[in-house]
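The structure under discussion appears below in the form of structure tokens.
Chain naming follows the written order as A, B, C and D, and within any one chain the residues start at number 1.
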Amino acid sequence: MKLSKDSFKNFISQHPAWFMVLPALLLLLALNIFPLIWSLGLSFYKFTLIIKEPLRYVGGQNYIELLTSPEAWDRFIKTGAYIFISLLLQFALGFTLALLLAEEFKGRRLLTTILMIPLMIAPVASALFFRYLLDYNFGPINAILDRLFGIRIYWLGADPSPLFGLPYALISVILVESWIWTPFVMYIILAGMGAIPTDLWEQAEVDGLSFWYKLRYLILPYIKPMIALILMFRLMDSLKTFDTVYVLTAGGPGTTTELISVYIYKLAFIEWDFGSATALSYLVIVLVIFMTNVFMRYLILKRG
Amino acid sequence: MMVDVRLKDITKVFGKVVAVRNMNLEIKDKEFFAILGPSGCGKTTTLRIIAGLEKPTKGRVYFDNQDVTSLPAKFRDVAMVPQFYALYPTTVYNNIALPLRSRGVSKEEVKQRVREVAELLGLTEKLHLHIDKLSIGDKQKVSLARAIVRKPKLYLLDEPLTILDPVTRIIIRSELKSLQRRIKQTIIYVTHDQIEAMSLADRIAVMNMGVIEQVGTPYEIYDKPSSRFVGWFIGEPGMNFLEAEVDKHSSAIKLGSQEVLQSKTLVSKLVEKTNNNKVVIGVRPEYIYLEKNPREAGNGYTIVKGVVELIEFTGTHYIVLVGIDGREVKVKMNVEDYRRLNIAPKENVYLRIPLDKILFFDPVSEKRIL
Amino acid sequence: MVESLLLYKLKKYLRVAVLVFLILAYLSPLYWIFTTAFKTRAEMFSNPFYLTQVTLENFEEAARYGAFDAIKNSVIITVGGVGLALLLSVFAAYAFSRYAIRGKNILMFYILSTRMMPPIALVIPIFVMFQKLGLKGTYTGLILMYATVSLPFSIWMIKSFIDDIPKDIDQAAILDGHSLTYVLFKIVIPMVLPGIVASMVFSAITIWNEFVFALLLSSIDTRPTSVLLSSIRGERGFNWGRIAAIEVVYILPIIIFVFLVQKHLLRGLTFGTVRR
Amino acid sequence: MSDYFLELRNIKKRYGDKTVLDNISLGLRRGETLSLLGPPGSGKTTLLKIIAGLERQDSGDILMDGKVINDLPPYQRGVAMVFETLALYTHMTVYENIASPLIAAKLPKEVMDKKIREIAKFLKIEHLLERKADKLSGGERQRVALARALVKDAELYLFDEPFINLDAKIRSALRTEFKKLKTTLGKTSIFATPDPIEALALSDYIAVLYNGRILQYGTPIEIYDKPINLWLARYLTGNMLNELYGRVVSQENGVAIELTSPVKRKILVKDYAPNYVDIIKELGVAGTQQEIVITIKPSQSTIESSQECSGLEIEAEIIGYENHGSEILVFARINDTVLKIYSSRDILNRDIIGAKNKICLDLTKAVIYDKRTGRVLGDT
């Protein structure tokens, strides 16, 4: 008994690292890695919780069905359009804010801190509140539009908007997501600018460089690698967009705002088709891995 | 264009730290002026105040009698060369040309002037290269070229040579010196390296803890330091300081039990300037000579007895630490003299000190009194 | 000189003015949340822009609606999840920082990959698993889940703080004659305490705000605030005052956190971009 | 059996495919100070950490008092160390920092307190004891680190570039203080530094490390007067070495050197450097026209025109100078070579820049190297 206790102690003191990592590793194994492998397995089965039907191995059938289903393609295209426009918006606004915040002035720190709030509060809370802001009858946004231009818009409806004819509901989703994430873009660009040595800023000041020269020869070279990174991170996160859509429109009206994540949710927990839902999840994962690879390669090549 | 710079009662406070305290300084037109001091003494802050990158908490800055205290940096027409070259991430040509182009100088003229400066500093071959492809020495040259090309009123250099290896440093230093002879402009040069300041400057201001201790030519500062700090800071190793007593009755100055000097005039002068008969003797390590055998004082020398405590070999010199009644003196000897003398720790030695190399300081204020 | 001094100063003030305007417009939704929470029902319809009469009736109604049970659930789950994650990640982070563990870089990749993964992909098998183990709808289940979710990030963040402490510090202590436990608890942990607090806050915010796992793994008794808020969606005729009141209670702690530890939050937020 | 207190035998260490230490063998007697001198990355820190037991060598033995201690954990080796980063516990006070090794040794409180105050007084940091360690200046931090190492009753003290981040002025002051301390305490110590002056000034013996190997071992004077290769010769003078290039030729009236740079001239060895006749003769006889490098330190030549020159006289243009106060280091150029010569400060009485001046190089004090291998000639 004593011997085994000693040898256990010995083992720990010989391999402290191993022992320190073990508990964390076990938890990750149980609730992350194992479930993921299991769900990969599930994607090759027909499996549902409501009907007492036994698991049925169908091979790649779930995948083939999804890849040939016009419904799935429709969701992918919607998600693509959504990502494209919201990234454009977030980048334009985030870059502007970052440029305005680039130089030191009184109150700069406070402003930068305040902008962190949209990022930190729950997306569910933001989305729910935008439902109020965008409400046709009582919402302040329509109230402002009414007073200024005498118009009101069905922000959460399926009517086509002037922007590429996308439905207003999708535009609203883009608006909310961009409201949440623009500060993120801004922070990363600011961080990139933070990498510009103070010496260099001051040199530009003493040399009397104009704003455009500063932008072109100082700021852009430094934030170039950041831009690729922002795109990568925002792409990954945008593909996962769920909370805001669920609360704002629940994918509706009809399926106008049914992005990939919402579609997976519906497959799994409305139609209870776990097999197809997990298969679609893995298609998304493959897509993300492919895209990050492209970005990483671009980054690595760029950095030599 | 020419300019003299005047700082009047400048104080700069960062939070609780006083970086510069009540500074008054006048830099003459076309002068090569060095601000010398240890790190954290406020020398860089002073330079930044002159550049307009920092606003003084109190006091005014004048260029040619014109108050520029609240003028932003870009309107002061000064050029700066920082310690770490601070180049824009683009080509050498663009780096030199951008300040001119920003000022709306015509394309042909920009080309012309960049060429000239590149020629001057030997950068012609490298104009089209990206700065990442340059050696540190070349980068610092580009930084210098960018300053020169603008023909500014005033050059501000902030330890521009410290990051270079010794050989390049010496080459660029020589070029800088000859450049100043040609362009004849006011240069303010900040450094912590006493050798650099002594080698380059017409005049030096020695700073310590936000205060200017002394302003003068290199040898004024070296030979007649105005305070203990200046004496210690200039020279390697710095000046020795020994607490001594003035004996009014015997007209002598005593180091512990030893009488080192006897002079009525000197003693009466010293008594006038101190209030408790205590003075500090200052003497540079290279002006003390060691001897093994006792000898009479006289003929402009004084002799002090001591014991060898420690010997340090630095390659070019020997530094011998000698104890005198609980005080310590460093003696700097060249290698031949040391080997001829042949001494070892714990041996008795006699220090021969020329009288004209002895200075006197006040023990309380630490200022030189004679 | 191309630009005059006057123009230079004008531009400078203009820039700040534009910025302040932009940010005010940007943050107006927050203004509405807070004013609406204190508005009377009558004023909500008659006057959408200002707040003239402050009332607490919305908060009373929110309490009747079960908002404070949900907040209590949020607190239990968050504290549990953060505590468990912290306990495990401090040890793991130290090991990752100080020892040559094979596949160290896997950690970084792992965090990135969890960021890539739609949470939906993970929740399906866990949903089934929890149902079989009887963990569905329990605090324990949610706490375990959230600890797992915040673990990789928490390890990375604490590790990055430990990395900032030179390894010489540990070696000096070992040479002084101290044991490994002493080095960890008396030297390293006190030195990275700000970092540990920051990572705790970061995990806490993540868990507090999380929605997908909460939606599918909680029950009526254990549902946190995010789920309560989303369930309002199904109702007809929104009581905006009540919703705003719940939201104020829900997001106020986060806003306070943002101001307390903003510098550290930024470090977590820009993970992988600033430090590489 | 040797009389060494510490002995290293064939220590080898690799990180991945990079050899950090290659066959290091050294010995150190009680009370001696050894310097490990070498540029950054030469393996100094790794060697110190292996001696302390903080890292393990791949092969080779460490012996203390003749006993192999390879498997002894760090705290049983009786070693104290000052790290390059100083490694202060920044969240603790100075007092707590110094107390650390005593707490680990489980000393009674009163004994501990007495020891801490003694060492603090000795290092003049008594007034800092209650201060937090991150609120100190560079010099103060250095002293605290020193105190924490010295308070421990160790048999061997290791110092890893402890003065590295200090101003030159404070650095040289601390150096002298440190040497005094060491002499007073009489402890055995190893001192790693990249600064030749520090190594020369502080140690009884120097081991020059280069790319993980010991290049030369000896007393400071041995090493400075005859560096084993050209790289070390340049390194020791901070690249201020004067170098003349030439080849050895044999003539009827004796062996001669045909200089190629910076001047073309043929000189008879017996006239200029009689002490080198035997060594050069061997090379000349072989008839290979061996190429050599003649090195002369700046202090071994003169620039005064009044003095008679018994060495090699060269005329060069003065392009700059360095003012050291009592001495002036003059730079003079001839055919793309810059010669460096110390002179008295009187030279500044005239405007010297741009002037041509005669320079006299004393070849009897020169050290001569084989140009091809870079090794010193006349080394046995």
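The criterion applied here is as follows: a residue touches a chain if its C-beta (ideal position, glycine included) is under 8 Å from a C-beta of that chain, and two chains touch if they have at least 3 such contacts.
Here the structure is a predicted model, which means the values were calculated and not measured.
Chain pairs B-D and C-D differ in how many C-beta pairs they share in contact, with the greater number at B-D. Per-chain CA centroids place chain B at a distance of 27 Å from chain D. Per-chain Cα centroids separate chain A from chain D by 57 Å.
One finds 15 Å separating the Cα centroids of chain A and chain C. With touch defined as above, residues shared between interfaces to two or more other chains in chain A number as follows: 210. Counting only residues that touch two or more partner chains, chain B has 72, 74-75, 102-103.
Listed by label, the pairs of touching chains are A-B, A-C, B-C, B-D, C-D.
Those residues of chain A that touch chain B in the shared complex are 197, 199-200, 202-210, 213, 217-218, 221-222.
Across the complex, chain D meets chain C through its residues 49, 52, 54, 74-75, 79-81, 83-87, 89-91, 100-101, 103-105, 148, 152. For chain C in complex with chain D, the residues that touch the partner chain are 166, 168-169, 171-178, 182, 187, 190-191, 193.
On chain D, the positions that touch chain B within their shared complex are 167-170, 172-173, 175-176, 179-180, 183, 196-197, 200-202, 220-221, 224, 236-240, 297-299, 319-326, 331, 338, 342, 345, 353. Against chain A, the residues of chain C that register as touching in their complex are 2-3, 12, 15-16, 18-20, 22-23, 26-27, 29-30, 32-33, 36, 44-45, 48-49, 88-89, 91-92, 94-96, 98-99, 101, 112, 114-122, 124-126, 128-129, 144-145, 147-148, 151-152, 155, 180, 205, 208-209, 211-212, 216, 225-226, 229-230, 232-233, 238, 240, 243-244, 247, 250-251, 254-255, 257-259, 262, 265-266, 269-270, 272-274.
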